[in-house]
Amino acid sequence: MEALFTGLGALYLAKCDAAKTGQAFQAFLPAGFLVRAAERLLQADYHLEDICAVDCAEGYVVVYHFDHFETPGRLTLRVLAPHAAPTVPSIAQLFQGAEWHERETRDFHGVLFEGNPNFIPLLIDPDMADCFPLRKEEKARARAKDMLEAGEVVFCHPAFTLMTPDAPVEGNESGGAKPATA
Amino acid sequence: MTRYQNMEQLTGDFYTQNFAKTAREGSLILNLGPQHPSTHGVLRVIVELDGEYVMRAEPILGYLHRMHEKMAEVKTAAQFIPNMGRVDYGHAMGWNWAFVGAAEKAGGIEVPERAEYVRVITCELNRIASHLLWWGAYLLDLGAFTPIMYAFDDREKILDILQIPTGSRLTYSYFRIGGVAQDLDADCIRRIREFIPWFRSRLPMYKDLVSDNIILRKRIEEIGVIEQDVCRRYGATGPVARGSGINYDVRRAAPYSVYPKLDFEIPTSDLKCARGRYDVRMAEMEQCLRIVEQCLDMMPEGEVLVKGAPKPSWKVPKGEAYFAVEGARGKIGAYVVSDGGKNIYRTKLRAPGFCNLSLFAEVSRGTILADAVAILGSLDLIIPEIDR
Amino acid sequence: MIKEALNTMSDLWSLMVGLRVTKKYFLDPQVTVRYPWKAVSNIDSYKGHLMLVGGKKDKGLAKCISCGMCAMACPSNCLTVVKRKAPKPTPEEEQALAEAKAKGEKPKDKTPKDPEKFLYDFTLCSLCGTCMENCPVGALDFTGSPYLAGYSREDFHFDLVQVLKNQAAIEGVDESAAPEAGQSEA
Amino acid sequence: MNAIPAELLRILIGLVAVAASVGLIGLVMVWVERKVAGHIQRRPGPFEVGPSGVLQPLCDALKLVGKQLFMPSGADPILFWLAPVLAFLPVLLLFLPLPVGDGLQALNINLGLLLILAFSGLAVLSVLLGGWASNNKYGLLGAARAVAQSVAYEIPLLLSVLAVAFVAGSLDLAEVVKGQGTWPWNWNVMTQPLAFLIYFVSALGETNRAPFDLPEAESELTAGFHTEYSGMGFGLFFLAEYANMVVVCSVATALFLGGWHGPVLPGPVWFVLKVSALMLLMVFARWTYPRVRFDQLLVINWKWLLPLAVANLLLTAFFVKLAQFA
């Protein structure tokens, strides 16, 4: 699993407990490496399950779920799109099915996907397509680390704080979530 | 090269204009739907025709969009369950299960064993009902009027059975976080036991009437070939993927509930065409009967709702959970992200039909209009599920 | 060549087989129930709009204790429970109350627990049953009647307390009328 | 001098009788079709109006008459309204030379078969006009299909009929019937089974009946060429379809099934019985089979029916000549 992400500048890699979260592995990537990651997944015969965004305090966390037909195990890719300029590269050139998921995400959250071949509203009427119903108000937003499962960290970029717990409390023995250095 | 240089010259709404921008000269742009006999509701497909040949097709969604994911933000987890029956009227139990399962996973709630069996039984019966609905409607697409009546005759019996514990016939809201709403009573179980041999005896009739019919065979063989690679790129699952020879079924791949204890097969077909998908669904109905039969024998006595089951005010603990079940149309996924608040922070519903339909544009290219309709039908579309 | 010809023959035969199936069902009895003239048999397990359950003694008086759990639990906010206001105490009662207060006893709440109004908007209800499951006294139930119909939206806004009273009144008349009818026949 | 008014009177009576019977047959056939379809699908079919719902088609017809005639914008008004009339009028002519009984014939001409074949060819024109004039894309596609289909299926139809005409040595339907006998083994279907099969399949194609109902393929083209027709415009198309069915079945009866010949019962009764049996078969086919695809329809015609019909014709001609020498 980790081998898939070598050289992709991954910010955060973690194993997840499938019984608890339904996901086997997760990776937080910088937006620039998303397309290359998708390319590797396509070569590794993964299929795209869905794309959705979660509106967190830090920005829109765009979540890509992948799964494998022969060796099942859900793989979660995450990319952060800042509130100010929510732009993420599109993977619709590789996974054509992503086209609709990306358009849906645009309809709901207003995240823009650069390079989507047919980037028009999908589910929401074009006349009112700029309402973005799932965007939350500033107050209502929660932080990503409070919601997203940290998992058993394999690798964490030192500068990456989105998923790591707040300032480590002295004597905290919970182990697994310690930021690893690599 | 395009005939239209600017948008002012174009007629039609936003989507037609957008579609026509890249149309070739002399081609006919036809709107199939949103009101059209073979779009199963309010799907709209814009096709560019050259004579009878489909040069390009683009499904337009959103005519039945209800924003269930927003509704999930204003309701507590338990209150959201009735919505799930409305997402997919064909296989409401599957959707019930997907959401309830995700909530249980996030909350770490165990389900009593009897409830698991009840869930499997109702879900599989509902799957048969869904396949029957597809079967009838698909043959209607192909111009045979009678099969849907026979299918509904059988489906009615399933609905009667499912009405006993659920009280409704289509949009079930039967599952609860931690079990199901009501136990199957003796009358219900007796009727299920009667139904199984009866439905088995009906299957040869289906085969005689249509499956073997030469006209049908010629209509659906070798059309709409979906390669495994296409399934992967579009994320197609369920009978669409299995019809292309991919042995992928969530019930086996990521087992949940009591499925690992049950003995059943995953029918696949290497034909890859509409016929493959047809065969898979027909074979699946038989497997559903097998599952139900085993469940009735293995079902223990006991509670069907866990003690201290979550109240409507129950808050899903912090964290995220993804739960997938095998629906009649493919992998139904519910992704729940909770910040521990009153309502779930973000609920994502993964509709199998959504992914299955997205490959239509690619598969229908270059086919005859009649074939395009046949391909559309073979994907088994339930529009409310796709639009959510 | 021969194989092809045989295939063609079996293909044509499949058409005959199809005709045989339709012929069989053509001659078989129909399954449709001619609905308005005959009742369908599968409606006894139907669960229709809500009703309040009456008490054992007084069928017109709801078991409901106006706690409002149902209204809280309802996903579609179709229930409104209007609690009874405390009746204006008579002078004697007021005196008794004052005495009790002087003694340091907690005054007993004399307010009847049954709701004054139990408003139910069937146009919003999705018949999920969450209200029933959360009722502490089991005062709510589904009716088995699938024949609810109306001419306007307002026809589906009910006050279930009133509905229960009317129902009990009708049943009461029926019960008192029944023996008489039996006698006259005898 | 005296003979001409008598002949005129005869034709007039014949025309009126034909027009009345076409209307009646249309209504009866609608009822029969719905009733049979209902029973096949295990439901009663129409049963409210009149005993067993026999008056239902009449009610429907009255409803259709009472409906607003509606024309889409951009349609060609003359052609649009001409089409249903053109669909219905030739049908009346088709009934004239049909020999219902011995000597019971509205118009006794020795080229009756030719008349029927010639005028039934007009039907395709009405479909084309209707589809074209509606200014509707589905209508246009339906019309295009109808033309290709009718043109294709007319050829094997003609060839199979010609084979029978060879055997009978006449194009007069009454003569053809007289050439056959009372019992089934005396009928032309015994000597010409292939021609009968080809004729029946082509007739399904000619009348646009399922499984060859492509011009109005509901699931693809909503209603095909008559998508835009409402009220009696649709009613006439509908009536013409059933009347055409009666004509092709009557011709099949006269050519292949011994016409009015039959034991015990009077001739016209036998004729009606045989026609009804064929029509029932058509109705059953419609409610049993899926629709064929457009290219398959043409493949069936050009690759199967046409070569078979030609072979059958040649073979027949050979044997007829052989019989003459013998």
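Here are some notes:
Per-chain residue numbering starts at 1, and chain names A, B, C and D are given in the order in which the chains are listed.
The rule we apply is simple: contacts are C-beta pairs under 8 Å (C-beta built on N, C-alpha and C of every residue); 3 or more make two chains touch, one makes a residue touch a chain.
Note that the structure is a prediction, hence the values are computed from the model and not measured.
Comparing mean CA positions across the assembly, the chain most remote from subunit A is D.
Of all chain pairs, the one joined by the greatest number of contacting C-beta pairs is A-B. Averaged C-alpha coordinates put the centre of subunit A at 65 Å from the centre of subunit D. With each centre defined as the average position of its C-alpha atoms, the distance from subunit C to subunit D rounds to 56 Å. Here the CA centre of subunit B is 43 Å from the CA centre of subunit D. Computed centre separation for the pair subunit B/subunit C is 31 angstrom, with centres defined by C-alpha atoms.
Listed for subunit A are no residues, as none touches two or more other chains.
In subunit C, the residues that touch at least two other chains are 15, 18, 21-22, 25, 31.
Annotation for subunit B: residues touching 2 or more other chains are 146, 150, 153, 209-210, 213, 215.
Pairwise chain contacts present here: A-B, B-C, B-D, C-D [touch as defined].
Taken in their complex, subunit B has these residues touching subunit D: 28, 30, 36-38, 49, 51-52, 139-146, 149-150, 153, 209-210, 213, 215-216, 218-219, 368-371, 373.
Those residues of subunit D that touch subunit B in the complex are listed here as 37, 40-43, 137-138, 141, 144-145, 210-211, 213, 217-220, 222, 286-296. Listing the residues of subunit A that touch subunit B in their complex gives 18-23, 42, 45-50, 52, 54-55, 63, 65, 67, 69, 72, 74, 76, 94-97, 99-100, 108, 118, 120-127, 133-134, 142, 146-149.
Residues 15, 18-19, 21-23, 25-26, 28-32, 34 of subunit C touch subunit D in their complex. Residues of subunit C touching subunit B in their complex: 11-12, 14-15, 17-18, 20-22, 25, 31, 42, 45-47, 72-76, 126-130, 133-134, 142.
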